[in-house]
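Both complexes shown next keep chain A, but they swap its partner, so chain B is in the first and chain C is in the second.
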Partner chain A sequence: MRFKRILAIIIKEFREILRDPLYFSLAFVVPSMIMLMFGYGISLDVENIPFAVVDYDKTQLSRDYTYKFAKSRYFNLKAYVEDERLLDKMLNKGAIRVGIVIPEHFQKDLSAGRDVAVQSLIDGTLPYRTKITKGYVAVMNAAFNLEVLSRYIAKIKGIPFEQTISQVNPISLQVRYLYNESVKSIYSLAPALIGMILLMSPPFLTALGIVREKESGSIYNIYSSTVSRAEFLIGKLFPYVIISIINANILWIMAVSLFGVPFKGNLPFFAAATAIYVICSTGIGLLVSIFVRTQIAAMLVTTVLTVIPAWLYSGVVIPISSLDKIARIEAHLFPAMYYNYIVMGSFLKGVGVDILWKNVVALIIYSILLFTAGYLLFHKRVKA
Partner chain B sequence: MAEMAIEVSHLVKRYKKHTAVDKISLNVNKGEIFGLIGPDGAGKSTVMKAVAGILKFDEGIIRVFDVNIDSERNAEKIKSRLGFMPQGLGLNLYPELSVEENINFFAHLRSVPKDRLSKWKRQLLDMTRLTPFRTRRMKNLSGGMKQKLGLVCTLIHEPELLILDEPTTGVDPVSRRDFWEILMHLLREKNVTALISTAYLDEAIRFNHLVLMFQGKMLAQGEPDEILKMVHGSSLELVATPHSIATDILSQVFQTEATGNRIRLFVEGKGFEEAKHTIEKILRENRIEIKDIYAREPELEDVFIALLKKEHPDSDSSPHPSFTHSPSIAPSFAHPPSVAIEAKKITKYFGKFCAVDNASFSVQKGKIFGLLGPNGAGKTTLIKMLCGIIPPTGGNATVAGVDIHHIKDVKERIGYMSQIFSLYLDLTVKENIKLYAGIYGLDKKETRMRLDWIIDMAGLEGHEEDLAGQLPMGIRQRLALGCALVHKPEVLFLDEPTSAVDPVGRRTFWDILLHLSRKERVTILVTTHYMMDAEHCDHLALMYAGKIIADGSPEKLKADVTIKAGTLLEISTNRLLFSLEVLEDTGFKGPALYGNKIHLLTHTPDEDIERIKSLFSEKKIEVKSISKYPLSMEDVFVYDITALEQEESYAV
Partner chain C sequence: MKLFVNRLQVMTVKELVQLTRDIILIIATIYLFTFDIYVAGSETGLSLNNAALRIYDGDHSALSRELISRFRQPYFRFDGEILNNKEAIPLLDKGKAMVILDIPLNFQKDLVSGRQADVQMLVDSSNSILGFLASSYGGQIVADFSQEIAMRNMGLKQMPVIKDECRVWYNPNQKMEWFMPLSELLTVITLLAMMLPAAAMVREKERGTIEQLLVSPLSPFQIMFPKILAMTFVILIGTVVSVFLVLEPFFHFPIRGSFILFLIITALYVFTSSGIGIFISIIAKNLSQVVMLTILIMLPILFLSGSTTPPEAMPGWLRVAVNFSPLYYYIEASYSIFLKGVGLNVLWFKILSMTAIGLGVFGIGMWRFRKQFG
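On to the complex of A and B.
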């Protein structure tokens, strides 16, 4: 093993990446871009649901009912309309996601103690959002019912309204959300994105970097020289690991400062675990580069191997625990899941080595397997 | 017995079902320049990679410097002693690195000590005249410079064995000559061994020893002179009228190649007088007048084709030009000359880069116009403008009487065949032709007629139902030509059509083009960097760095150079490099190494022959031969470019 030869390869690799605008942006711009786009673009929070109301009653009580919705942060009143058909139109256009129809004699019937039916039309295109929206509507409705009831009791019994409220609501639920106290989805999303991006970007860079040499023929410089396999692989991969570690830093800073995600864990531990994770995903790129010959193929295979599992099995979208059996086994086969535990634990739970060590061990094993396979399969005397 | 550098016996390499190399054996002595010659797909690269220890093979034994290359571990043992340059102009270099950074990278890979590196690097840079460009990025170098840099990088660790895979393909003739000269000097000085492949048959004379390869098999092996003698026969060149009928008749009997107004023949098994007699008899019977007939130096191409026909008697080589026997060949004066392509100061800029610079020329209807130049000279850009694919930045041109800005009208009148033969490889021959007929909106009847015509014209009988992807390159090329002709275009553009085709295929292809131009009166514009192709054209334009630097008929271009620079002398001696030095020192202008001979242009050939003879006997150099030699297109090209470069350097 000659350090000078490794160094020559490292320097050459860095020069190429820094001077080639396409590679430079793939290495340094794309990861941050993904963070920005997904961070701002995807919100799993269901808030500010646009809605419109047809109020056939136009009384004090019907307006109160509407205000109940409008006041909350979950709903955003877009319009009062005259006709139900207009509601349909707005729903079709996507201008609103909920339409509420308050019937005539709403106030009169309620005051007389008769049942009233309020119709709500909910956009059902996204089942996940629809269910949450329906829940919100039901809660709003229940709260209004309670108020109406309390007011009625207060009037009959002649006691103050506030007192009645607590009497009809004897058990009050105290919720404290752990880890992500304000239940902001970006707090979970941004750390998860770090894991996702660091699974995609290093293999892309690595696979393209090696396959590019195969495609151009410059790999023959290596094949026909005295550089050993290990020297070449170390020299070639080292720059990509370094670049990815720089990216990991940038992404962490973005998560903490731009998206305001609190970091509660042990920073040195997290940094070390991240470095291992990056080495591991670089290994995926190495393995891909051995099996393909063109840059296009390298991109396709890397996409299938990293982007999809990163989305599905890293727990970004669906928690691992709610995956079905086969999917859960699959999730364990990809490094994304283990790192996701580390990210979530470090950012939100503030736990450290004592709890997360198993995941780190999994990543180390994963890395060793990938690099051993890569080393054994890389040859300087090839079949074709 | 000389020591062996490389011993290869019964090498077999298969890629899946395809056998790329089939029982090749060769021995390379130390200090020898050994050539592997053959068209694309002959298996040259495979042999070289196997020898370099970077490709596994299926059968046979390879020994390099007495090491049996049978495993990766053994292959590693020889790598410090060899330098390998893969195929593709500068493709193994790093475009983002500067000239010097590239060299340093290769040196560091090979652990070249610092002091030796700086000395050797300076020497190599000077020799290749790359010193002024040390800091320039590799991607901004010209083709010839890239190739030289590639050579420098391969040589930087002073290997004992050089393996160069097609180092001269796609390089302009000037750089090609430079390249060979540098290489020869180095090889003799350092006594290294070289294994070099080339697709240019005319480079064969530069080797001590060579192997002719075709489709993975070895056709012949030996010294160039030995191989030339392998097939007994004689080469002739003649002028006869009517030219095309003479060509048709002769091509049915002999190896024939028709150029503009001459016919070249190779008559197997006969001496010159006997061959001449036979030809005269045949032509007299057909009432064809012979104007001139003379012997010609036999070329490797003649031998190659003769050997090929012996090895592959069933290989489809000649098309069946039955259609050519239409007796109604009108003499050319029946058609008033009219202009088919006219370019006026046409210019194209890509950003600040000027790809085509004020090109003006005109092509008569029914003529073959050749656009010659190295890679990157602007040929493809010019063709694309004439086809209406990209708009010019300045100037204008008409094609078949239509302004090139009227894109739709131009496209109806032209046919275009690209370098890569735009065929659908998973369609059959028939389906491809029908598809193109459909694209051009031919009706059923027309389609059937054109289909029959194309199959006949291109010699595709028996291949109608074959998939295009399974056809050999030569036939595939003819199918592509047929597809470009489906709508009866008046003007046909061919962009480097012969790059991937073997000599047999190339001759056949030119026969077809000649028939098209002479009988169908199709105007043909063809680009090429093969100087051999140039001889076939009626009119040539030499392109260099976006400019047209000379144009005229091949004969005129040669005559111009003769007037300007004199007659060519070819000198062969026993001490080649020393002779070259002597000539340079005595003040002869521009003697150049050409294979194992020296070429020299002079205005006073007869005097100089005597002068050189006495000069050499003074210096104790044995003169093997010295004689006047006809100029080749390559000589013309080299002369014109060198003159241009000198003018530019004076201007600066």
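On to the complex of A and C.
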């Protein structure tokens, strides 16, 4: 292996990338763009849910109840309607996502100490939004219940309103959120996105870069040259690793300064782990490029190989601890999961090498396997 | 006119033949319409399932055990007790537990004697949605238990509370598999509708075969349009396959409305998206650029579709922008047909809007294309 030859290939590759300005700028623009789009765009915080109310009671208390929903930032009162059938229509059209039906005698029953069934109709088209909406409705009801109950107990027992709390609610639950104390979805999303983008973009660049030579036929120059397999691969992949590391830096800066995500961990450790991860995902691109002949196919195969594991097994959507047994084993087979531990640990949890070292080792092993396979499968011969 | 149709037909067949020559592309397309949809549908998504729960029970009384027994699957999975408070944080740090419930000493004694008992819950909110769901489910469990104790203590049979009778429509059990696969299918359709025609065009540019087409008596429209026709045909077949081989048998996806209507809308939508594909093919000089541009354009389109972020949660100017996204109308119409079972009488405006936007994009694209090749 000669360093000079590697250098020559690196220079050739850099020139080639630089001479295609559109491709070059897209190599940088696309990752940042994904980060921006998802970061600013995907607000998983559910707010301003449009809702309508059918109030059959029309009393002080039923209006109070409606008002409680309307004034919260989670709900947005669209209309009072006269009839339940109108709610159906509005849900069908997508004009509202929640309908609330307050029955007759709402105030009378509650004042007399009887329970009342209030119907809430929720549009279930988007399941995750539905679940959160249900959660909000339950929270609203619980808060309202506590008030009604306290007033009732104060009345029948003749004790002051303030003292009723321990009677009405004997167990107080204190929830402490760790790591993402304000439960902001962007704090969870931005670090996870770094992991996702760095799994998807390096393989794209790499696979397209190599397959482009195959498709245009310029790879025959390499086949017929004195360059060895290892020299070619190292020289060819190096620029893409560098581009991806620069991208990683940009993404990190975006997460911290643009989205204000706290970085609590050890920066040098995180940088080193990220470099390994990028090398690892570049290896995926290498492997793809060996099996496909056209750039379009390279793109599709890379999408299939990286996007789904990045999404599914990285712990972005489902925490690894909640996966069932088989899925947990599958998750261990993809690099996304290990990096997700590293990125979440470094950003939100503030843990370091002592806890995360196993994940780094896994990524190193993964990279070695990928590159060995790539090296063994890459031939300087044309298949007969 | 006969000549015109004949030429379109010949060119369309040529495109289809060319497509079948690229085996990997075919495999990838088949994969996208079948396995990809299946995998996307099998994921449980952002819902709380089997959250790893550890409990520190400082009381070990009948009441504390009763409370613990209420944290059950499917939401929580009880992974055992911890004996020491100090174990909690490391478990959360390592990701071995997601929720830790801390029941204090004298829990039962306090409750029996009418004092308030404090229970603490530590929630890993590094995933904000799941963190919120865990605390909201946990909160509900504790609140229900608390209410029972209150009734027992006060000797009341009934309390003046609101019983939440929640009815979820269209997808009563909030099954993720009634949402994800269709969402994925619509994304796949969007991706292919933009990329395949653009790729077919740019490949001609790259290989130089475009010159042959340009010296032939074909007009620019007759060169481009058959590519769109061929790809629409492929995508429609893929859609049918996907719905009847994956969505129906594996996920029991309901088809409450007219499937034919859905296919017609899909065809319309593919046409409108291919207008964007024409734009890409004008700008791009090689296939790598097609790929990058497709991704670049795809992202805002997906984002503005309202499938991940509801328009009402967006800032004002974006809410306006959503109205210009064809995918937004397409998604709304598709879910309405499949889940709500509504027909043209409700959807006509959405379909009209989608078509209008699409015709605009297609027209401008075709006009620019003519300029480049005319």
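FYI, the second predicted complex is superposed on the first by the 345 of 384 C-alpha atoms of A that agree within 3 Å, B and C clash if a C-alpha of one lies under 4 Å from a C-alpha of the other, contacts with A are read in each partner's own complex, and residues count from 1 in each chain.
Just so it is clear, a residue touches a chain if its C-beta (ideal position, glycine included) is under 8 Å from a C-beta of that chain, and two chains touch if they have at least 3 such contacts.
Quantities reported herein were computed from a predicted structural model and do not represent experimental measurements.
On the superposed chain A, the positions of chain B and chain C overlap enough to count as a clash. In the superposition on chain A, contact of A:56 is made with neither chain B nor chain C. In the superposition on chain A, A:28 makes contact with neither chain B nor chain C.
When the two complexes are overlaid on their common chain A, residue A:2 makes contact with chain B while staying clear of chain C. In the superposed pair of complexes, A:263 makes contact with neither chain B nor chain C. In the superposition on chain A, A:218 makes contact with chain B only, while chain C stays out of contact range. Between chain B and chain C, the partner in contact with more residues of chain A is C. In the overlay built on the shared chain, the residue A:14 is in contact with neither chain B nor chain C.
Mapped onto the common chain A, chain B and chain C collide along 386-394, the only clashing stretch among 242-250, 296-304 or 386-394. Residues common to the contacts of chain A with chain B and with chain C across the two structures: 20, 216.
Those residues of chain B that touch chain A in the complex are listed here as 15, 49, 52-56, 71-72, 75-76, 79-80, 82-84, 86-88, 91-94, 96-97, 101, 104-106, 108-111, 137, 153, 163. Interface of chain A with chain C (complex): residues 20, 22-23, 26-27, 29-30, 33-34, 37-38, 41-50, 65, 76, 91-94, 97, 109-132, 134-135, 137-139, 141-142, 144-145, 148-149, 152-153, 165-181, 183-185, 187-189, 192, 204, 208, 212, 215-216, 291-297, 299-301, 304, 308, 311-312, 315-322, 324, 341, 344-345, 348-349, 351, 355.
On chain C, the positions that touch chain A within their shared complex are 22, 24-25, 28-29, 31-32, 36, 39-40, 43-52, 67, 77, 89, 92-98, 110-111, 114-133, 135-140, 142-143, 145-147, 149-150, 153-154, 156, 158-172, 174-176, 178-179, 195, 199, 206, 283-293, 295-296, 299-300, 303-304, 307-310, 312-314, 318, 332, 335-336, 339-340, 342, 346. Residue ranges of chain A in contact with chain B, taken from their complex: 2, 4-5, 7-9, 11-12, 15-16, 19-20, 216-218, 220-227, 379-384.
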